[in-house]
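The structure under discussion appears below in the form of structure tokens.
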């Protein structure tokens, strides 16, 4: 188990290294304005050169790459240029992450509770009214772009219920709509996958045996189906927990939540290259870490994987 | 219990006659349990049984057809022409829907009805081009990945790397490095769209490449490429149809997203994303909400329809559902 | 003979599949007696599994007992509707062992817990007591080092071992009837014999009524006292093992026996039954085997034959036994078998 | 474009309220807080570096200058209580107000404001490493500053800014600058505490805690992308004229769209009403009472003909080059452009007030009671509409004749626009159809090409990547000279110096010579203005550009009282909340117009009074 995890972790690190290098090189394709921004106009060529030299952008690319990794190893994510002049990226993120995490975790809990309940309800009523009813919900959320339905939620959510349109962290009521908005797709995804996994499990032979044992459907659902169906679901759970940190782009900007999601859009659209780079780094690392933890969690939950990957037993 | 008819038959035949040997017909023996199974026929049969899907298929076919013939119908307006109010000589701005302008006009007096169909055309065109690229390139990469063993490790690693950079970021960066335009939009979405397809194809190939009939083919000296084309791809055709159907709502979704964050098509090219964005700007004015409402409805109908169709087709093409 | 412990009469089982109705069992009847061992033989799709599944309410959700009765302990199982009713029978009074042991166990739970679950369910055993009993049962089904095995997962077991576990689960509650649905089909030949032996042994030890379902007449002789042959949802002939093997009367039984490889005659091509069983979606008129039977009578295509008694224990459902029917000789192989038997018997 | 409007960070309220009014009331008037929303976060609040309006509005409210404008546009003492200028106009001596304190963001006293603070500021700005975007403003007027900036001299003592003693500041200029006092209301001439600057180093201005305050407000809370809170500085030297206790701005990406609704719900103090939503407000009996026109600004918008086309071959730059050098071709378009139709995309109700017939807007500068736009040939230009279909067609026919065989018709006209701006996108479509319909599609073929907001100007105007394009310019100081900059060689607007047939014997173009002559006149302001007016009239009459409109405008619903905050054609004074109050309900258009009339009269009187004082 430990050996498997270590090997898996090592592989994740290699992937991460390649992702970062690729992104780093891609970033060099961006216009150099990203390092002095709209000041370009006002600066003399000498001033511009000084800035680029100070940021080490005049070095050959491999030196830049080396410096980038050295900097990274020191835990330094660089300094923002345009978004907040001269402010370390770490500081900027430190202010954003709590909001994204709070909303992310809230939405995650909501989408797990509601999504799993919905999934179980669907699987139990497979082919019947409620299954179809919830399926339409899942279809709608999956098919229609968030930008469309979230807009209507904001529009009618605020005008009908009188909930505030702007986020204010001290006003609990202002948390409601963004939280609901953020969980909708998670609910749909959880429900859909849980239903699918449960239906898969329900068709398996061991369920027949469990029935033949004389277990009640309810006991089978709880002790066998749900438990087993939860394993594949658990695979992507760490990823979704980690992704809560990165926040929801739409919802954060719709309700003006000062989280990471909005930050990414702003950083890219305003060409703040060091900030973009740091964000891509974080997003990719979270993604890779999520996959890694998901696999480890799977291995913990599913004894078959544990042995296979260890090259153990049969 | 014998039916009246049976009684009649039996009475007509002499009892003795009944206990003589019948003519044995080997073909009739084969026929008893014969099933005339054909993959495509069964697929279509199962698909047609799904009433919702059939309805949506008809709806989408007519909608797509209408989208493309709409400009040639009589009495249609130019989607970018700015209409002038004959009384005031001013632009006919925010004119509510009526007989002349079925869906009203936008904030500079362009006909929303014409723009909506023009926008649908643009978005569908993007979606279809991206969808086709997704199949062609995705299948190509997936096939090589799954079948050419020496490249397997390399492609797996390449896939890992690319798929670990969030799609949002790749899309934004590309849309950003290039200037917003029709081509940029397509390039950006093509850059990431094929990943899912490639992995899907690869998985399918890995599952079936070692099946007996392929091993047999290889033993007989059939070249790899031919095995892929002849033995594996037919199996994947239904998968591809499904992926295209499902990629359409996906692509439209990304288009709306890119437009939302300001990296979409230029505003003077109507597209569903642009129309939605235009509508969003006036959504706070109840009288102008029709400008948000119409594009939102059309967009939802299209995306939901293709999504449902894709899934229905996926179900129908699964042999397990054919009995 | 004493009262049967289970008596199935004219059971008709239907399934609805995508709007069509399929009749899987078309009026099958069978009596089971205390402590005996009955084999139900038939091709796949003949309805043998479905028939027995209806005794413990394990038909798939789209299937139902359309008519007929299944009497067990004074109750008509065919009338059972709710799960609560079935839970009084299933696993407790009638247990079942399935075909594929590889997938029959929950891969994510230990062997021990899966057996123990049954004990806790039906015998009210808890904790250490349940564990002790579980280990006992494991030993009983021939698993060595049961304490260690108790903690292991299914994937750490071979196919034969897993089938032993499945059997252990089935016998854990001392059921009155044990149904084994082709328990050896997916196992290696050598393992098959071990499992058969285990089943025989357990049946004797536990004095349980055994229903053994198989498509392989070859194994029947080893386990069964009585044999019922099923075809297209009907039982077409039943009798003692000897009667079925050495004096079969139904052309289908003949055909089955003729196609047994171990009975084949050297130098002659192995017999195989032409055609396929009827499509159960269609209405079957007359004898369902008629279209495949080279010696079918005209009446076979018109009217379903009744059961004709051959001996007090032997019944067959074919017009050939009708006094009006022409004399038909069984195939060579069957005749050879009978000759061999008579030689030994004398 | 010094005050270059940033695409994103437009502090809604800050940008809306560009007016001033009677300041010196005896006691603070009662006022509630200002609550606003904004969609673009500040990059920095380092006022010595930044050149964007939104960022400078922080400094405007937090740091005081030597002098400031009052609500009628008259220069008044601020941190300088009095000043003298030497007869040669080169040496300016300022007497600093005593007892003014630098406060931290928590309101604690840090130090006293002294003359040295202005010297430290100049030293900071003139250090190229600090990459100040307003450095040139300083080094263009202060003696030896440019040399110091370029490293030609290293001793800062040679630069013309000195603290003679604790309360006496002396500026020495390179040459006489008639508008020097007005320049002092701009950020690069704000003070900074040298000790604090050294203490925080690179962090200066990166956050509200890394700034010291001596103005009417203290930036007390800054949660980027969430909210900004400014509280009144109770120790402010002129605290009795600051009435609004707190300014609270909340971030919202969709601020512009949501603001009207939020205003109706009472969540914010004021909102700009987007053109899209204007009908809704105007037609509603309730809402129409709350909406009024917003001020126009001193930004000038014009359509520029590019004489240095660098656009892709598909738009035929060579063809355009020949066509644009034909005066009749230019004049055809000049007279064909229906500016009112185009302006309907910004202001559908009263577009006329936005139309600008000259480059220098009205009410920007005046001499001897005459507005600059009424001087000399500019008077005629100011008083007519350039849109004249008959004339346009006449010029078109002449152009066709003259260009026949030389250019390919229709001439392709590549017209870039910013895809981030709805009204621009709309406008470019309106202009395309209007021009093509009037002049004929066989004459010109206008091709709108969209560019994204980020790096927009770098990709288009600055790169010469356009044929005809809407450009704008904002003043850098209170003198007509500032409006000649875009057209003077070295600028990257439309390169009129490359137009054929305007070269004079000295190797310079006619326009350049005219501007040079005007610039040289620093003593006789009347003559100086005449010369600038002549040059501008030449520029317009030769159709190098088509004057189009002024900036700002639009409509607002706001409870902020208009005409009470400082009024200034240039600089940051107009961004101040000093003097303003939040009313119980918003002014209607009628009330607003009445207030405007009154303000005009007051200003007239104040100007006369000042003129009279000057004569003495």
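As written, the chains take the letters A, B, C and D, and residue 1 is the first residue of each chain.
By our rule, contacts are C-beta pairs under 8 Å (C-beta built on N, C-alpha and C of every residue); 3 or more make two chains touch, one makes a residue touch a chain.
Just so it is clear, the model here is predicted, and its values are computed rather than measured.
Undergrad: Based on Cα centres, what is the most central chain?
TA: Chain closest to the assembly's C-alpha mean: A.
Undergrad: Taking mean CA positions as centres, which chain lies farthest from chain D?
TA: C
Undergrad: Calculate how many whole Å lie between the centre of chain A and the centre of chain D, each centre taken as the average of the chain's C-alpha atoms.
TA: 43
Undergrad: With chain centres taken as the means of their Cα atoms, state the distance from chain C to chain D in Å.
TA: 94
Undergrad: Using Cα averages as centroids, what's the distance between chain A and chain B in whole Å?
TA: 27
Undergrad: Starting from the mean Cα coordinates of chain A and chain C, work out the distance between those two points in Å.
TA: 53
Undergrad: Would you give the residues of chain A that are in contact with at least 2 other chains, written as numbers and ranges?
TA: 269, 271
Undergrad: At least two other chains touched by the same residue of chain C: list those residues.
TA: Where chain C is concerned, no single residue meets two or more other chains.
Undergrad: Where in chain B do residues touch at least two different other chains?
TA: Correct list: 176, 262-263, 280, 283-284.
Undergrad: Every pair of chains that touch: which are they?
TA: So, checking each combination of chains, I get A-B, A-C, A-D, B-C, B-D as the touching pairs.
Undergrad: Which residues of chain D touch chain B once you look at their complex with the stated criterion?
TA: These residues of chain D touch chain B: 257-258, 260-261, 274-277, 279-280, 283, 341, 344-345, 348, 419-420, 422, 425-426, 428-430, 433, 448, 450-454, 459.
Undergrad: Would you pull the chain B residues touching chain A in the complex into a rising list?
TA: 157, 160-161, 164-166, 168-169, 172-173, 176-177, 249, 252-253, 256-257, 260-263, 276, 280, 283-284, 292, 296, 299-300, 303-304, 306-308, 311
Undergrad: Where on chain C is chain A touching in the complex?
TA: That would be residues 56, 58, 83, 87, 89-92, 95-96, 98, 100, 103-109, 117-118, 121-122, 153, 155-156, 158, 166, 169-170, 173 of chain C.
Undergrad: Which part of chain A faces chain C closely enough to touch in the complex?
TA: Its residues touching chain C are 204-206, 208-217, 223-224, 227-228, 231, 301-304, 307, 313-314.
Undergrad: Given the complex with chain D, which residues does chain A contribute to the contact?
TA: 31, 33, 36-44, 46-47, 50-51, 82-87, 92, 95-96, 164-166, 168-169, 253-254, 256, 258, 262-263, 266, 269-271
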